[in-house]
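Below: one structure in structure tokens.
By letter and in written order, the chains are A, B, C and D; residue numbering begins at 1 in each of them.
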């Protein structure tokens, strides 16, 4: 099978720092005393709470059902008593409703029935199971997986892609999942082939994870081809990944299904297999704890809803000079104001940086050096757009159609900001502009 | 004789050009309503865009096109509305003049901070990160509203809360649309009583975030039905009330502008001390009244007046 | 070849705006947006060619035979003013958006000295009909070129943190000055 | 464990460590070889001019920043020094100090700070100033001292010197060609043009070799891209070759045009100035071709012997248009999707 990969335009080569945790085997974290399980861990409508304050819940019990078509169920990660239901701070800095559980330490399970002989089962049953297990994309976008498994009839999918690129610096959670659970990934691939009726499955892995490529080649056999991807950020972004493996270009503002492709994160595939074979809902995930501000970097299997402070206590605590805590990777992750926030389904890493590692955020004017233009994976114009947004010249943006051409398609990978010699916060400008247009739309409609 | 030739030439060319123009003005006639110009004259000319149109001329065209069926010019107020109605020949509708009010008194010493932020220079950016305060509804104090204000009526003072100077505010509402957390409200110009809190969080969350947050305790609504509580925050809907009613608020969120300017209420230590003193006095009085009322078995003290 | 040289001369070396300093009013007035600058350029191109043709014809058929050369300025102004009125009407009918955008500057083409300048210049230089057309056309193209370049620069300067005192006309004039400096490089390119 | 709070900032939280200041000073350093050659060739006069323009420019920048109530420390960000240095490199060595003050004023105040300083100037400040000086002081700007080797420095150090050449000034090769057409050619050696120690000219332009060394470093560091210099040089070479083929007696050969005058410093260091050059590859190529064409136009038929400064300035004016009309198509919109299911 071919392992040829197309390099996408732009991109950057940050320092990866993956050696910190690359070799750390995943350690299961014991269930903490308090679990804070938000209802909005996915893209789409928040889940609807099914329990009341004072209820006793079991591990794996569904505590909230999907709140709409694009939504996902939420389960208790351990057994215990519901002590509060109310708004808490979420990893993205906003407030959202969450169920707080005081665990009893017994960790009593209430799993779903495993599906016997799944390859003979109706794909619809399997999709129902994925929905019931509350599985969402675990690469960070947290799109409900059951929606992805059932593409609309007018855009059929002929090629499924597993995303093992893990192009974010520092993070190794997916890498460890691929090494440690290769058989489950193979099983998951088989299930997806059965559910979606596709024959072409590719697993894209960046070349800096040679051992994972080896292991998966062995495990996947004929089920999927393993493609070694060039090491370049943002290789793990859907559109770039699809181009690298298939050569197909997803048109601006279109979903991958427009070119007949669907992408799953490797950890998501494991969760699918777990849900079908073991009847286990998505209640835990692998999280990389790393960075210069932690005492002991490592990979941990963490119950969903664990507060970062509890995880850090188990993982060995902060270094003396920890200054910034980022949930996710350093390129697209969010800096949290406090560690009293829960780990949710889409958080793959806790990165703690010291003041020395932190980027100086004093920014200057654009000197038009054009580095951002060369770094942008979408071949767009961060430079001009950033200047216009900074000056509030939204009429110019409309006039030159920059919003349609540039802004709508920017997925905030941060490459432009990474290379800007005057450290202009371009991603921030784009987020602001997106917010501005959202509020404009709200006012109109 | 020789003078006649140039005169004739000039006249001839002039007549030809005039006739040609007259002909073409028929061919390319575009009707335009003269009222647009009159209306533009009558409007304030601030071109602030608060009406939703791109400038005053655009608004005038809109007025003509829809024969006055557009929201009134918020800046011009009653007098402009009358002029517009006169030009259009329609009845005057009453225009309520409004001023902006920042519904927050959570200065730095009263509202809990939330981490420290670097690289953030304005509200729109800070809002993306969750804001600098634990309260996600409170004024972030980075002054975006002040920068859009055409009359420079909004200033962020030392406490880190924006305050509107009602004397300067022309009621255009640009700050309201600019504020990313909807902390600014347009209130009727004559309103004397304001609830300076915007937190729609439940009481527990609000109390943890800010000392001067509205916890929706409903004590004010018991004093005067003009106070209403909706989505966890109180609001005053009337024009004025007994200044002493404001003291009923346990968290000092309500200001009566007959007693204290909003600015002083938020920023001035002196005013705060005065306020505390008055409030204590009020409480004493109320206690005494209650004690006096108890033997008489009156079920309720009507309004806290002695 | 000679016509080519004339064209280059009219367009670059003797650029109306940047080396003859004619037509500065629309140059500063309607150069804030590329789109309006383009519209203005087209209007000027049209009026300039038409006005030159008409005035040239009038001059050689009416004034010269009657020995009324001294009337040319006042007559030309009359003709140009009428033509501008015509263009204004046409534009209001056919492209109201551009009409709005050009605003006061459209009637001001009347007093655009570039038009009168070209008309008188082609008489002064004794051009025949063909040369006059080429001169007027490429003069207008040169006007358009300068206007478009200038509009591009001004759009860019919108994002600049200019000191207050230099915003607007001040910086525009400096840009125009530097542009004019650069156009000096063409001097001597074509003799005459 | 108690909850603790952290500093919040925007993603991405890491940076490649580049800085505008470092870029500016790197460009400055890459100009040193050329400066060294000219100090060797023109002696202390060259040093004086370079030091003065650089210092004056930084001074003017500081003054402007103070007047605009901005942080005056920003004058050390390298951009003003670079502008001053580049200006010095485009001037003849024997120029008087008064003119240098005017030059620095035009470059920093008129061409740069008026527009808001770094990043906003539509025209290259050094070139604007040079062109201004050329038009304002034509005599002084075209009085070219003949390189005297190390005499000056030897003299300065008290070594014995025998003055062999007292003719102080001479025409530049380009001016000679302009005046005498091909008859001047035998006196001009390509070698000299390339190494530059014997040809008259402005301080920075005499040695193509030294400029190439610096430019190679800039290209290697990816501070500049190949588009603009390549397009410019190629255009000049092709244009030169064509005219030479048509009339070898009148027009010099392309190598002469490549190595003579300020083409190298212009193409590599002036035209590539970020602030005033287009940003997109296609725009850069058009821009480079335009510079090449205009340079040759002025050199061959214009009133001035050298046209590169005018050419770059003129193309600077075109930059905004090029930026706007040469935007590449965004990723994904070029090729129609291979599968057309669900496409409208």
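What we mean here is this: a contact is a pair of C-beta atoms (placed from the backbone, for glycine too) under 8 Å apart; a residue touches a chain by one contact, two chains touch by 3 or more.
Model, not experiment: these values are computed from the prediction.
Most remote chain with respect to subunit A, judged by CA-atom centres, is C. Centre-to-centre separation between subunit B and subunit C, using Cα means, comes to 49 Å.
Subunit A and subunit B, compared by their mean Cα positions, are separated by 42 Å.
One finds 33 Å separating the Cα centroids of subunit C and subunit D.
The distance from the centre of subunit B to the centre of subunit D, each centre being the mean of the chain's C-alpha atoms, comes to 55 Å. The multi-chain contact residues of subunit B, meaning those touching 2 or more other chains, are 114-115, 118-119, 125, 128-130. Shown for subunit A are the residues in touch with two or more other chains, namely 93, 335-338, 361, 365, 425, 428. Multi-chain contact residues of subunit C (touching two or more other chains): 155, 159, 161. Taken as a contact graph, the chains are fully connected, with every chain touching every other chain. The part of subunit B that touches subunit D in the complex is made up of residues 114-120, 125, 128-130.
Within the complex, the subunit C residues that touch subunit A are 33, 35, 155, 158-159, 161. By the touch criterion given at the top, residues 365, 387-388, 390-391, 393, 396, 399 of subunit A touch subunit C in their complex. By the touch criterion stated above, subunit A contacts subunit B in their complex at residues 86-87, 89, 92-95, 335-338, 361-363, 425, 428, 431-432, 435-436, 439, 443. If you check the complex, the residues on subunit D that touch subunit B are 5-10.
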